[in-house]
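The structures considered in this document are given below.
Two complexes, one shared chain (chain A), two partners (chain B, chain C).
Take a look at the complex of A and B:
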């Protein structure tokens, strides 16, 4: 078996205590949630830590609730708890459906949404969808709490803007208003997705006109991207928007900084974006 | 023993039996089950949570014992393949169905397959074929071609239903 190097586990009772521990251990310590990313990187000796601070021992961080127009998902909620949450299924079913397709059942049972975002692995489903949903995250460290958008949280591949003592305490997603049409699609042949594409539109006249649109791609690029120019092509009368889809996909691909990797070349990913934007649009208007 | 790193006292339940151990914090559940408790039915293959050979149930949910720390099993109930048959040795309906349907060849994936299937049937006693495929998606078999596994799970679901 591939053994892990030795480390200690610490069990903070509050966020403040966790932040103190992280500050105290510095480079030799790291926050630990489900461990589904962290322990793999440590097994492969890509990361080495002598101290893991178990965020799950802080009470009150696992909750999921809808309140004041926002869906609030606590900082240690697992993919599975989100997938089966009645509140999420009722108020934001798209998010529950996306969660049900993250990784496999074992990773979903232990891996957390916050851990997914804070590892900033480029092949993230939730990061792409959250970007299009204009979600925000609450973080807290020794210098107090702050709120960040997804763009602010994830500025690059495997990078976040969190200070080393900061803890993500909640992900907050605006609840959809009447007339919102949204879809998230992924294309996946390996363990992680090759492409994720999220489309969120506010529509009027029973879906005949699109007032605002947000579109994001992920996995094909170092971190999830939106394109304002592509979004402007997705606003207007529906038939016109439908005619614009190919052009919007081109613009989105131009702005996404597509990468060549084992999942395929940049040209292939450009093609996928075009196919999946059209599919996402069709999915957002089922049975039209 | 670890220099300066204190051992972690672990109490948990394995296959219905209370277990108390002192472990090192970095030990995986698979290491503890196989090396300390001699429960070698839990197999380890990819070690990166992809293949599912190491699947065990912790409080009813499937986890990858290759990566899940034994520390996380504290005060919880672990079920391994050794805990599935009745005390008199009668196979669990899932085990019997895997035999009847020839749902294994080399058998390396089988303990994980059966436990993953057991978690599914606890949640959905009569899953559709599509649900079986979606739920077993994270368990890899290099021998059978999967169809006998799907059939075995369907058969076990029926057997469990007529039993209850």
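Take a look at the complex of A and C:
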């Protein structure tokens, strides 16, 4: 950690103004929310910016609300505000529980969900769960608003498809219908998770059959992944699906582009996917 | 527990620590809080190479930056003696001619503020010519290996052992130590059973919350350093050497220190900071980041090959060990770590034959030095693992085997040393009771016990001064540093006990070499024992002077004046100390100065000063699917003679055990080639509160059998030493799989379990290549 190099903070009043500022500063500027990633990277001297555009001064971006079948989380909502939000706790408790285990209290108090997604650090809890929940993000730049899926937003490690003047203004998550069973599990040794695994299923017959399934894995790979083939193995009668779990895990691991790093070798991560898919499934059907 | 010799008023009570409120309210002052008028700030440019010749350094552009006062390089130190080191003078103030590890300081920039200094580093160009580097002990000892230090060295007077130093004799061996007794070869040939193995204990970072900080000022009165150091008097000696000054002209002031754990032992950045101040002609502050601190001092990692033999009766017959310590680029205190590792490798057992060979080896990696436990943790992984291994081999319970073989109280179990001054046998029984040793355990759980004895206390030279003031309050002048371990509280308790005043009336004046009397060091768990005793004797000196003063004012022979708590009595006359002083001096103030010097004499003539014991038990659960090992129960017994402050003593035991658990389960510094890859806290995993065991038992054994005050002995390292081996042994008992290296990271455990299931050798030869090959594969 080094002293921060000199930089200037700019405080736009609107999204349009923020976009103008970002466009004006180009490579030398960057959007700044909680700063928990950005300032750390700047203190380690791996990123250098002369201008930071503080998105927190734009009014109306911190809200959290449920509306028309969607949970909408504003572009500067912090992890902590999501974790304790009555709306989230009531309408999508799984998301609140995941948020409560992101990082540590200090990071959650200042770090934002949007900042997590837009930094595209491979060890993200929310990105993995949002992928399985089929969430979308609203972004806005000088050329107007767009809507992106999580896959579209995060095409690679530390990469997003945002233009340099675009701001993520909201994350929108479809609210669960009756019969949804979902779980998110992570395995962590170091400061960031080694593995995150999300499983979201629509069930019928009081949980006896699974109509649709979505499974996503993150942290073990450069960016969170789903596998349609694995998901097809997770549909059908529950006992049959249970028997398919190992195979589904293998398929998911095959498609995930597992990496060897200090968190572990690819073969270990493959094994963890299998362990945690089974655990996630068991979690989704508690009290059996 | 033997009966207490007397009733205590203040000691042996858990009085709240004297600095507690100041620390939790942020009032306590640390070296980084020191601001001197006109002070500038230094930042360092570090070497990107592990071993390279410095061809040229261009600093002109940096010097021209606005706000830059001075730029210092290794060849701009004319007038100073550029090398220091209390054991081996191998450490240049800044790299001279060549660099020896990635991260070695090469250039220092002094500027008006930290940012200006930091940004000026961009304007420096250093040309290097790379040289072949040695990154492991194997490479360093190979035939024809490049040599780190070509010069020869004289042994430093503060090295802490009698033998000569090995550094500078044409090899990369920094220090070697050999300990033998009996005839190990013969014993192994005749043994009933033998176990043999190779073990690896990783390099670790002590992670004091406060990284290294120094503020230095150089002027006509000499050099003054405010520093986060543990041993100000030895640092004073080194700084005096660099500046060619008498020690009276070098002043080391140590405010509160934010944790040391050995990492702040001896000289670190003080000579460099002082050199910066000298060059810039103004006070300079140099404070390192955590990442830089890791590059300043780490612990020695150790490869240990060990054999243990028993006879047909299940008695230990012999031990033999060869130990290789990776000492890094500079000796620092590693020669002593080498000596201590050799002394501690056989363990606290009755063993008739032993041969221990220990080598501390220079490599082109960050310098290693003292670390809580001092070589003991490194060698105990092997030693205590093998106690369980051999017990199993002959069908004995590991606890029963230990009880049958552990050294008895009063036994000389290590040649030419103080007899064992503690009761490990009863400590082991206590631990087993607390752990519920005989209770059945479900599958996937395991228990283990472990014990160690360390030759602690360092060299016993310590002095103290106690001033009793006219109002009966007391100042204690101590050269021991308050590192968070609570030493200022302990010495205040002793002074309050002896002078007979309330604890609140005692003020402790901490280390300032211009004011406080000499103390060799604050390390090796010696402060309670030695400084505590010096303070006690200084108090007794003051009391006896005041008794004579009382006789003077009462106009009677001294023999007629009897001591009572806080004063004296003669017949119906009772005088407290303030009355004695007021009548003696004829003023409402005045003072008595009591002093004491301890040296290696009398009951301190036999080393070690005391045996620091470690004795604990663990219970772990293992998630066999992920490989995660969880410490769910911990029992520690601190055999401390007498706990001056039981809460603080137990806190030290828990702290040391937790720190050791960190290395046992998670912590490991990893080199990928020349580069240390996880010196940031994002990647280096220290224990968290959530890692603490659900069930915790802390107990003390107080037999008043130490040479310290009231029979006290030191603590604070003991429970770190055996915990890694206990975790390994407990994992074995839970799963049947034995690992011979720590940390027991989930992936490593999972691999071992998987290999065991497939009938493969469960512990591949320790190698540091796995992380590297993983990265290369990725």
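Everything below uses one rule, namely that the second predicted complex is superposed on the first by the 287 of 288 C-alpha atoms of A that agree within 3 Å, B and C clash if a C-alpha of one lies under 4 Å from a C-alpha of the other, contacts with A are read in each partner's own complex, and residues count from 1 in each chain.
Here is the rule we use: contacts are C-beta pairs under 8 Å (C-beta built on N, C-alpha and C of every residue); 3 or more make two chains touch, one makes a residue touch a chain.
Just so it is clear, the model here is predicted, and its values are computed rather than measured.
Of the two partner chains placed by the overlay, only chain B lies in contact with A:80; chain C stays clear of it.
Once the two complexes are overlaid on the shared chain, A:29 sits clear of chain B and of chain C alike. In the superposition on chain A, A:187 makes contact with chain C only, while chain B stays out of contact range. After overlaying the two complexes on the shared chain, residue contacts for A:8 are found with chain B alone; chain C is out of touch.
Once the two complexes are overlaid on the shared chain, A:115 sits clear of chain B and of chain C alike. By the touch criterion defined above, A:105 lies against chain B but remains apart from chain C after alignment on the C-alpha atoms of chain A. Touch criterion not met for A:141: it reaches neither chain B nor chain C.
The interface of chain A with chain B overlaps its interface with chain C at residues 1-6, 191. Looking at the complex, you find that chain A touches chain B at residues 1-9, 35-36, 39-40, 43, 52, 80, 103-107, 109-110, 191. Interface of chain C with chain A (complex): residues 43, 114-115, 118-119, 289-291, 625-626, 628, 666, 670, 677-678, 680-683, 685, 745-747, 750-751, 771, 774-775, 777-778. The part of chain B that touches chain A in the complex is made up of residues 2, 5-6, 8, 24-28, 30-31, 44, 47-50, 52, 55, 61-64, 66-69, 71-72, 116, 119, 135, 137-139. Listing the residues of chain A that touch chain C in their complex gives 1-6, 44, 187, 189-192, 259-262, 264-266, 268, 271-272, 275.
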